[in-house]
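Some structures to go through are shown next.
Shared chain: chain A. Partners: chain B in the first complex, chain C in the second.
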Partner chain A sequence: MSAPATASAARPASRSRLRDGALLALVLGAAILWFAPAGMGRYGTYVLSLWLVMSIAVMGLNLTLGYAGQTSLAQAAFMGLGAYATAILTTTYGVNWYAAFALSGLLTFCIGILLGFPALRVRTHYLAFVTLAFSTLIWLLLRNEQWLTGGVFGIANIKRPVFFGLRLDGALAFHRFLVAVTLILALALWWLVRSPWGRAFMALRENPVRAASLGVDTRAYTLLAFAIGSAYGGFAGALYAPLVEFIDPSPFSLSQSLFLLLMVVAGGSGYLLGPFIGALLGVVLPEWLRFAGSLYLIIFASIVLMLLIICPQGVSGLAERGWQALRRGRPAGGAP
Partner chain B sequence: MAEFVAFLIAGVATGAIYALAAIGFTLVWQTSQTINFAQGEFVMLPAVLVLLAVKLLGAPLWLGALVGILAFILVFGVGFKVVVVDPMIRHGVLPLAIATMALSTIMKEGAKDGFSAEAQNFPSFVPTGTVEILGTAVSLQHVAIIVVALAAIGLLQWFVGGTRLGRQMQATAQNPTVARILGIPVERMVLLTFVINAALAVVASVLISPLYLAKFSNGETIGLFAFIAAIVGGFNQVRGALVGGLLIGVVDSLAAAYVSTQYRLAVPLILLVAIILLKPEGLMGRKEERRI
Partner chain C sequence: MSPVLEVHELHKAFGGIKAVNGVSFSVREGEILGIIGPNGCGKSTLFNCILGQLEPTQGSVKLDGRDVTNLRPSALNRLGVSRTFQLLQVFPELSVRENLILAGQEHQGSMLGRLFGARDAGLSEKAEQMIGFFKLGHLTDAKAGGLSYGQQKLLDAAMAFMAGPRLVLLDEPAGGVNLTMLGDLKERLRAINAEQGATFVVIEHNMDFVMSLCSRVIVLAEGRMLAEGTPAEVRANPAVIEAYLGH
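Coming up: the complex of A and B.
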């Protein structure tokens, strides 16, 4: 608003305004979602809740892919680890859900470190291949170790958490709980990306060699980004299990991991709100496009493919381009 | 012993299929930095297209095969390069790799919805029966796979090393800039590798489908094992992909027989992780210098 602002100073200001816009959208979105399910019925509420849970998993993957520039093909496997850990801890051992949630995150974080450490010794896309292998191994374990995971029969009757004496068994109550948890996790990520750590992640993605020569320990930061991203997968799983109340190995397969990756790209990798858009396209839209049935996967993948060809920054990138075109279209000096 | 030989030969046969897929994978990687995550689907689809052509056209098998195979090479050799790879290559390796993941979903779901969700019989070009090798009855099908696949790989090696066109392709793979300076039509050579990749996929598909049946989900395992074969053998080497493919096939077959049928898939995966840990450049690969 100050008149003497120079062009060079104006650019970072507009960027940070964009970020703050994302933050505002996040809080506003949470407020809308808090009340949204009114009149949507049980199933509509469930779809919205599922959207939030998948958004958390996609958010984690967005950190790995969009900010640290590494491909993980095991996000669904991490989600499965979190879901099974939570389900087993709460049903068999009667552990409190909050403790199970934290343990799921810790478990997936540690496994992320263990997987990423050897893979990131080599710079080319070896993390993708290691996670590909890991994803298949986890799927085999979930299916074959019946004594622990129930095999193909899965685990049923997973209890929902209790919030300070308030039971969250109802669809709406649990949905609101999910809104709160998603908001907290999204804000944590927003903070992380703005912190010096986040700057280091982005420096890595843009130019790893330059980042290294500036003294950023590239390997440690990439590893950390991947491990935190994986922990978000674990968190998403820990929320997914009580949401659906029954889990089996099928939603944690390799193709589901690929699907999550496509959601990151569709929404816009490296954008704070990208994961929500991506999960909207991947999870909610098929519910509206029921008539398309199983063709939906083809439609979704085709959309992603076209987006990648036209605008690799996904829907968020398209929106940003459109916004900039609009601004440029306005007469000079007309800015507020 | 007889049992062991039988498993070994079955392993070499499936390994030859993985080698075909892995060689195409490394060729495309070398000339255009495309990590093709749809490689397994590339092997799945030709058989499906052949059956589809027979069904839709009511044509005899040979005509259906001709139409299906030509359509596949046109769409997934030439079309894949022109429509997907060319516009994306400037965005870097990662978006392109993700694009091939999207492509693999489209191919898999397309085969499921457009053709059949069930496994379909695929005719074999050799009679069923067995021959006696080292006192073991070996299926003719396995022998045919080994002979044809190795012949195809031998032909490719001769083409790459022994013909002018092949050496131009090799030069393009090693250093496109210098190749261009020497007057090699680099673009056409890159296109050629995509066509060769599609052709290798067709050979693999026609060989494996009589055994595995034509099914939309076949690509998952084949693709996974082709990656593993390429990495184990050495990402930048046709020879490495061959060795890696055969090794993975044999390891998988022996693991199924002597380790556990439930965890047969795990053994090659553990081999992959071991290679990445101990010898990341692959068994046959050279250490790559990092370029800035």
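Coming up: the complex of A and C.
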């Protein structure tokens, strides 16, 4: 056996360690974000809140794409379904927001299962095509079915939830509510990817044929990964509607789905913290680049392109590489 | 005693090409059966048909007398049939330990039970045992993709045995493995066969490996069975010498 092969093989799978660090980062991040809006004003707080909501949608897509290796081009459509379901239920039917939130998740989960079925027959690109068609369908539905969705005029006056008698109408109060919900959803995902299910999802991504030969029910896991990812899109929508208080079809178009996909990749697909970084690039960076005016899209695109050329694993991959370089730089005291 | 595996008149055609053309054989409990034959004679296609990866054109496969033809690979695996592949098939981004736990977890409890149960599905200890047994001890936490070819081959075999299968189909386990490791592998296979009574079917090109490991050998040529017998009988068969060994 050659020496270099042994050296590279003995390198520990640092990703698992990184994931435990990720838990700490999640909790710390939530604590910081709880207080962050102090002095940022209404608009600054709104941008931070929007970042969290987008992070939830990107988290779901990261499960589908990053962990289970299935390409979905409909995450914004699922977000739209969640947003409209919540808006219609709470404004027209006076349903409690929490029930509407749960129903939005359930609805998108079930549609995810149904959409996933045709994709099982063929390879992964097929799911991309199915979701592409679905994305267009939902957008047309939102725009044309005026009696239900209000068409291009959208739905206005969406109420914010009440938390145990505490009104969340203020920007800061709702922001803190979002921090709590995002943390819970992120922790649930952290639990999921560390469970045997997460291992099966990754096996699906890396080698579905081998996984099946080891007893992994690849159909069930493919459907579950896609449905859970879609439900996160629904949850994000259910939070988006009361955040902006007015929704129309435009933020749920196909181009927005592609943008969410870009956030997964730029943040680092298959990394727990990747979605937060990706959504930061997608939501907050445009705000910082406001001074550049109409040039902002070009600057944004160049940054993402450069990132992907340097490191296809996104910002998280870059960070992991840096961490490993640092470790290698240290004198190897513990090496055998 | 009824055979563990019974293959009856199996056919598989790809358009006009008959890759497997009426193969029948059975495997007794605890046996190590070898399948040899020149390249392209249909060995791997035969495996894929038995294991539900390909749909046979005709014929049946029985496990313990039960018809399992066209059963999905994952379902067949949970009935205790395991396999290795001709080309390397490990999960490169997972560690050696995670690869092994994955190989066993679907045999434990229900789907929901696995979601809320232990993270390692209670398999850490079993994984450590397999790692020790296949001499991968120093590599437990290494990513499988970083292992040498021979080490990955051992891991691949270890994964096939993780859930304690009754029947294991090995597709060229010796291919590309150096002599020392080959000896190790043979010794491990013999031990599992003797101690756990696991039944093996082995496809192999390495004659010494097959002849010293298997108690019975089947020779395939152009999708048909050419000969069957003990290694010595097969070696002496003129038709076999002409089709295969003579080249």
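In the analysis below, the second predicted complex is superposed on the first by the 309 of 336 C-alpha atoms of A that agree within 3 Å, B and C clash if a C-alpha of one lies under 4 Å from a C-alpha of the other, contacts with A are read in each partner's own complex, and residues count from 1 in each chain.
In the analysis below, a contact is a pair of C-beta atoms (placed from the backbone, for glycine too) under 8 Å apart; a residue touches a chain by one contact, two chains touch by 3 or more.
Keep in mind that this is a model prediction, so the values were computed, not measured.
Peer 1: Check whether A:Leu137 is in contact with chain B, with chain C, with both or with neither, and answer first, second, both or neither.
Peer 2: first
Peer 1: Pick one for A:Leu89: touches chain B only (first), chain C only (second), both, or neither.
Peer 2: The answer is neither, since A:Leu89 touches no partner chain.
Peer 1: Going by the contact rule set out at the top, does A:Gly215 touch chain B (first), chain C (second), both, or neither?
Peer 2: Touch status of A:Gly215: second partner only.
Peer 1: With both complexes superposed on chain A, which partner does A:Arg199 reach: first (chain B), second (chain C), both or neither?
Peer 2: Once the two structures are laid over each other on A, A:Arg199 reaches chain C alone.
Peer 1: Let me test your reading of the model: by the given contact rule, A:Pro312 touches which partner, first (chain B), second (chain C), both or neither?
Peer 2: A:Pro312 sits against chain B, while chain C stays out of touch.
Peer 1: Report, in rising order, the residues of chain A that make contact with chain B in one complex and with chain C in the other.
Peer 2: 209
Peer 1: Show which residues of chain A lie in contact with chain B when the two form their complex.
Peer 2: By the definition above, chain A touches chain B via 65, 69, 71, 118-119, 121-126, 128-130, 132-133, 136-137, 140, 144, 209, 254-255, 258-259, 261-262, 265, 294-295, 297-298, 300-302, 304-305, 308-309, 312.
Peer 1: Within their complex, state which residues of chain B touch chain A.
Peer 2: 35, 37, 83-84, 87-88, 91, 93-95, 97-99, 101-106, 108-110, 112-113, 220, 224, 227-228, 231, 235, 262-263, 265-266, 269, 272-273, 276-277, 280, 290, 292
Peer 1: For chain C, which residues are in contact with chain A within the complex?
Peer 2: 51, 53, 72-74, 77-78, 82-83, 85, 89-95, 98, 101-103, 105-107, 111, 114-117, 119, 121, 138-139, 141-143, 146-148, 150-151, 159, 162-163
Peer 1: Inside the complex, what are the residues of chain A that reach chain C?
Peer 2: Per the stated touch rule, the residues are 1-2, 5-6, 8-13, 15-16, 192, 194-197, 199-200, 202-203, 206-207, 209-218, 220, 336.
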